[in-house]
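Multiple structures follow.
You will see subunit A twice below: alongside subunit B first, and alongside subunit C after that.
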Partner chain A sequence: MSASSKPTISRRSFIKLSGAAAAAAAVGGPSRVLHALVSGNEEGAGVAAREMFSACDMCFNKCGLIARVEDGVIKKLDPNPHSLKSRGMLCARGNAGIKQLYDPDRLKYPLLRKGGRGEGKWHRLTWDQALDHAAEQMQRIGETYTRCGFLFMAGTDMQSTFVHRFAEAYGSYNVISHESNCLLSRNRAFLDTFGVVPTPDVLHSKYIIMPGANRFEALVTPDSMDLMTAMQGGCKLVVLDPRFTKTAALADEWYAIKPGTDMAFFLAIAQVLISENLYDEKFVAEKINGLDEFKAHVAQYTPEWAEKETEIPARDIRRMARELAAAAPAAMIYPGRRSSDYTDSTQIRRSFAIVNALLGNWDREGGLIVPKKIKTGSIYHDAPFYEDNPEDRVDAGRAQMMFDEEGSFKHTRDAVIEGRPYPIKGWLTYKTNPMQTGANRNKTIQMIDHLDFMMSVDIVMSDTAWMADLVLPAPSYLERKDPISAFLASSSCSGVITRDPIVPAMFESRPVFWIVKELSKRLDLTESFDFTIDDFRKAQLEKLPEVVTALKNEGVYNITGPSYGIHEGKPFKTKSKKIELFNSRYVENGVDPMPVYHPPQPVPRDHFRMVVGRNAFITQSASTNNSLLWELQNENSLWIHPKPASNLGINHGDRVEVVSPAGRGRLKARVTEETRPDTVYMDTGFGVISKGLSNIFGKGACIAEILEDHADSVSGNMAMHETFIRVRRV
Partner chain B sequence: MFKKIFAVLMIMVFLLVSIGVVLAAEGKGNARKGKYLFRKNCRTCHSENGSAAELSPISKTQADWQKVFDNYKQLECKAEWDKLSDQDRLDMYEQLYGHAYDSPSPAKCK
Partner chain C sequence: MKQSTPKKYGIVIDGSRCIDCKACMIACKVENDVPEGMWRNWIRPLQNVSGKQKSEFQPGQCMQCDDPSCVAACPVGATYKQADGLVIIDPKKCIGCGNCVSACPYGARYRNPAKNIADKCDFCQHRLKRGEEPACVITCPTKSRIFGDLNDPTSEVSRLVSEGKLVRVIAPHINTRPNIYYREGTRLLDWAVTPTLPGNIHMPAEFWE
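Let's turn to the complex of A and B:
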């Protein structure tokens, strides 16, 4: 990466200074060097140590934290003991957040591309130049291609709401989130079964079957901590995963299920529950719709049949069904989070949801619950309507039941490349990195090649920013003021959190709220942004003085009280007003009303099925370049079973090439029995193309480069476990 | 001759207009426009600090929204509804019914 004019602090001197600072900190001396980087008149400079509440942003969980500041420099991030969601804890990534702030790879000022896309040649701009240019491009694209000719994509962030608001004021309804690369099919399935996406009350559960999820590594608070606490209290954990994860290692039972056959397992569990009358008849009679249809449908799916599909013994399936029923209603099939795996991932999750329904665990302690969530206020705006806009989203109709307000990254990308049903020529991304998280990176590059203008707002030069025409630097979560955010967690711990700047924003970074507000001035859309963050927060908390007090005194507002047994007697938010084993809306949309099992494609000879995931110090691509976390893992590797490895002449630590129809990558082999012989595994977050990520550039392989872009037919969620690859030693 | 052509043209225009009216009546509304119209026409009163109960698509079930649109002439704000065109009401229906709380795609934004 090069810049045409000199930054205030050069990259080289910053690295030198940071290195010296780290050395000073290591011996316990004062960090005078880091202190020298912050201006002398800033708040907190030169005063004694102070502590401030905030919320972590190293992943989506928003765990409560306390930042310790000395002489204007954040020295330590500690857990906030008042945060019930995070159970008074902060994980390795949370602790390493300090290096997201003090990172020499940070974007420091606006950059305009001056070479080809992805060449890494940049021209430094002032903010006025950058915003004028962006507004000019947005105006031109809107006038030429309609306002829907501009696409917006914002990641999980407390300020993403302002990007959505800006898109609406600008006039585009082509807005996508990260979710269609993650969990939309789970949401689709549970919403279509229960009318709402419930939360698992892991803490009080006595029996949990966890299919695919890796909760002791891919951390979700409080589920990860609650799972350990529940197990200490006698909860049984069964893990189904083709890979021996840390969660599998700690489970009571682990089955290396054949990938893509989870539905067969759960239909067989349902068959046993029904054929042996192990379900709660009163609950079913009162709350379930379509039992008779489901009984007839599921009769074919016996444990003996499922054994052939899943490679899990029929006697174990039958035993587990009985054990679940004995523990019910404090028993569950864990719904999981990321469900972007197969082309029928919604129907797979429907089978999870249906077994939960048969266990009668709805709204029960240790089952699936819907805790109360606080309702905050807002500042409304009347977004204009643009008569020349097309009638619908660009990806409309490409999946059977897509969420209107989420869309699908895969289908939108296809639509942009095809130019159908109408052209999209502009793209704004904020804190999301589809070049790393969206399967088939070469197609994302192809999509970008079809654009006239792409701008990216981020903290560092992600792979997505690397491909943009205009890159705008955002502050980290420790430097900015965010709106109030209500969260739904689990039993007794829903709540509200916010962030204030712990230290002033470094370099020329500006929050995305400020960026869209400035753009709105240039695009004559000021009515939608005629407020400050303080005004917005005031409106959010106008009727909630107790929240204001709690945020001030404890850094979090926890909603306590019973979180189960609170919906008794209320109708479900479904068409039948009951839990839907049979979904009539699915029939209307050409979807099977009950999950029908289709065996996965067999793995071709000399190929492997590739599965992906992460460990406890990876948040997809957002954390792997963090210098503290990078010390724990500096590249990814290919997990391959010793038997096929031996056949291919691959030894542990050898460098291998992985090839799929979508792309290829090189990385080290990890020869291990912790994966099935027909399945290989890679962590996310490596194999970057951005030279602005100095720790991980040139390290490992990228999942998005290798994975083909299949999609769940119902929701449009990306399907990332449908790719077969070849491996060879290089 | 000109009279004949004029008559044929008139018949064609009539037919096209009739077909258009039928299509509009049977066709779907535009939910995007419906969102705009709902905010413009209803939220003045039906908002957090407004003179009537706060409303958003998820305030009602699809069946409830159907009843509202079927019986709007009985509402207190009937006069406001009467100011809207049939197409405006169809657009608003598409938005509110299509994003009701028991719909397949419940609204997230207000």
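Let's turn to the complex of A and C:
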């Protein structure tokens, strides 16, 4: 874009082009006054009340909400019925959002470390002192170690885009997100099969096999609600999970599959579909590449073979394959979300993708769909070029096919510790907490020990902020003006949402946009940040007046219209232009072109495999200290099956110590048949080191300390189910 | 409040839709400023690992009974049944004696330790006055609760009641005639208890079954 290097001019030309009304609406934001209670003699009478639209930020889902404000205080968050993605609901965490805002544990002003790292001794700085200090450190590190010597890590947030922009302007390609601790291997697998990462149309599906995903607890909107609606309408749900999750509890069938053997199950499903000619031949002939190779490849993977691997009876595998085929194309293998489990997790997810392809559910109602997304505008910038920078990311080459724009936390951390191929000495984290979410916490501490300077921008003193040298207080989502965010959801519910401050930012908290803008002034990078959030929004919505109107009137813009049958006849964005059962790019990169089954590492004697999961009121580590959610769960416990527990003399409620090669932790035992005898589980987000989290400090154990840091060989995604632990009563 | 037709509020709960996410409990807690450790509503689990029967989660709260034993148990008339069917506590009159807490067969009442008065669900009466549904109802991800006016024959709750595929949780020996209905097939029906009524309270004969 020619105007990109001259942001001032491009902005001026926008104002000239766009209607004044549209511009005013974009700035004015979604606010409405609904009531002013004046009559009556009840409590609360005479209180001026106002209601405003916003988007929840208690997890990544961005559910629409309406905040009720009385006398300047947010009293209640209700679901926004216009938000199709969230199906007019707000979960426990969404409702607890006001305690993220009104939380005595909030960071209130900038803090500089004065003791040792992690010692928790701080002194208060003014914002000017804090920003001058940060800019000085960034300048020094950039000059000494090149600009790539500074690492940036931003979590899922509507302002994270500005952190990425700042990293670009500063000149570092070492930018990572939370995703390499989460879903990158799923994305890799589906992208490499279909050329795009699809969305499951759960609502219209008739038969769903859900391997590992726990949609009734790890809530994803709209999938979680749609799953219940679909089931009420007769959709069959089969859950494969070593744990009896609430999703398993509500499923039609639950199999406590042997962990790490999902690929064996799906290769056997594929073998039945192929050997019994249960796939859609016309669909396959038109759209699939590599069927002959795949046919030959899966012949060996019979249900009888898979039974020995998965511990799921062969007759059930065969039956499920036939049932899937009968319900196809409104049948699916649910792609799942967090796939940071095994060292071959991309290949495991490839087996899910391939079965979906054989079911012919692509772009079909009740199958895998690619809904339309709104393309918002932007304010472009020309990032400066730094000649002395190294050639590539610091983690380059450590995985076979890493996403360049995402990188890998695990491999970056290793590179920082090793100092290879070049040193990294600075780190900025924004609203992400790798101390709790990145497997092997001791290694994260070791990584931080190798840094000259670390700064964290957060709402509370997370464990990651606790380790930083400079901690900067950010406002919650209810106090912030955010850019426009277009999101992709399921059928007829993708859309656009934004946030305006419901109440002014409390204490001395400042949004990360303001922080990076102030830093850019001090680092002579003002050209990249010569705009306000309002300017940015105007540019985003320049060609979208209907979005402006919807945001103002309904707090959300929904993309309605058909979500399937819309890509018919278009080539797939893969090398063969078809769905790839056989991936030739994999061959070029030394990766098996079709998923080859390797049994998981056997659980050694007297050991257990640790698995990771969620419940409906925990967002990783970000919500466990919330005083409302804390009432639902104030510590974590170790799920252990009664049989091994009895052998170890462990009773329900006993305190136990869990030990792995990576670390250890002490917590209560929850003796339960809700997990396999060879598998243990604990919730994420406890065992914190930060004394700034007053509700949960000293409670439970930290799973990130216990998990070893293996990686998926293809994507570099963390592999968190490869740790074997021992348990003893203490 | 002036009303042309008297209302009678009720809720139909479909336990087969509940995923035990606790959204209703937190929503209620915030809406009604319920103190730490106390709840106005709940979700009862019936989990079945063997897989022979499906698990079930059953939400619940004050049933706004037509023959409320809690009202009879109140020595000062602080709790009473309104024309719209809601059982209400007058915070100015309540002396915090706790009689009503043990008089409820559903355990729906608690003593607010901060205010030293009894408290319970009132179907978010203040929201109803604003034309909004109770907080637990609108926030539910899977819409397990359906709220409405049982006296309005066109309401969803009336339609469901007239279809007849509903059950009520009734304590052994007494029937307080609750206004919360559950979907037929709900298995958690035996949890209500015979209330402990103070000796000087005399309930009508039909109350005891």
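Just so we're on the same page, the second predicted complex is superposed on the first by the 683 of 730 C-alpha atoms of A that agree within 3 Å, B and C clash if a C-alpha of one lies under 4 Å from a C-alpha of the other, contacts with A are read in each partner's own complex, and residues count from 1 in each chain.
Everything that follows uses one rule, which is that contacts are C-beta pairs under 8 Å (C-beta built on N, C-alpha and C of every residue); 3 or more make two chains touch, one makes a residue touch a chain.
Note that this is a predicted model, so its numbers are computed, not measured.
Placing subunit B and subunit C on a common subunit A by superposition gives a fit, with no clash between them. Once the two complexes are overlaid on the shared chain, A:F582 sits clear of subunit B and of subunit C alike.
Looking at the shared chain after the overlay, A:K573 reaches subunit B, while subunit C stays out of its contact range. Once the two complexes are laid over each other on the shared chain, residue contacts for A:D404 go to subunit B alone; subunit C is not touched. In the superposed model, A:A249 lies in contact with subunit C only, and not with subunit B. Within the superposed three-chain model, A:W427 lies out of touch with both subunit B and subunit C [touch as defined at top].
Subunit A is touched at more residues by one of its partners, and among subunit B and subunit C that partner is C.
Using the contact criterion defined above for the overlaid structures, shared-chain residue A:F190 touches neither subunit B nor subunit C, since it reaches no partner. With chain A fitted onto itself, subunit B and subunit C come no nearer than 32 Å, counting C-alpha atoms only.
When the two complexes are laid over each other on chain A, subunit A has no residue in contact with both subunit B and subunit C.
Those residues of subunit C that touch subunit A in the shared complex are 16-17, 19-23, 25-27, 29-31, 36-37, 47-49, 51, 54-55, 57, 126, 129-130, 132, 135, 138-143.
Subunit A contributes residues 164, 168, 173, 191-192, 195, 377-378, 380, 382-385, 389, 391-392, 401-405, 573-575, 577, 585, 589 to its touches with subunit B in the complex. The part of subunit A that touches subunit C in the complex is made up of residues 35, 40, 42-44, 75-79, 81, 87-96, 98, 216-217, 219, 224-225, 228-229, 232, 244, 246, 249-250, 253-254, 616-617, 627-629, 631-632, 673-674.
Residues of subunit B that touch subunit A in their complex: 30-33, 36-37, 39-40, 43, 47-48, 61-62, 98-99, 101-102, 104-110.
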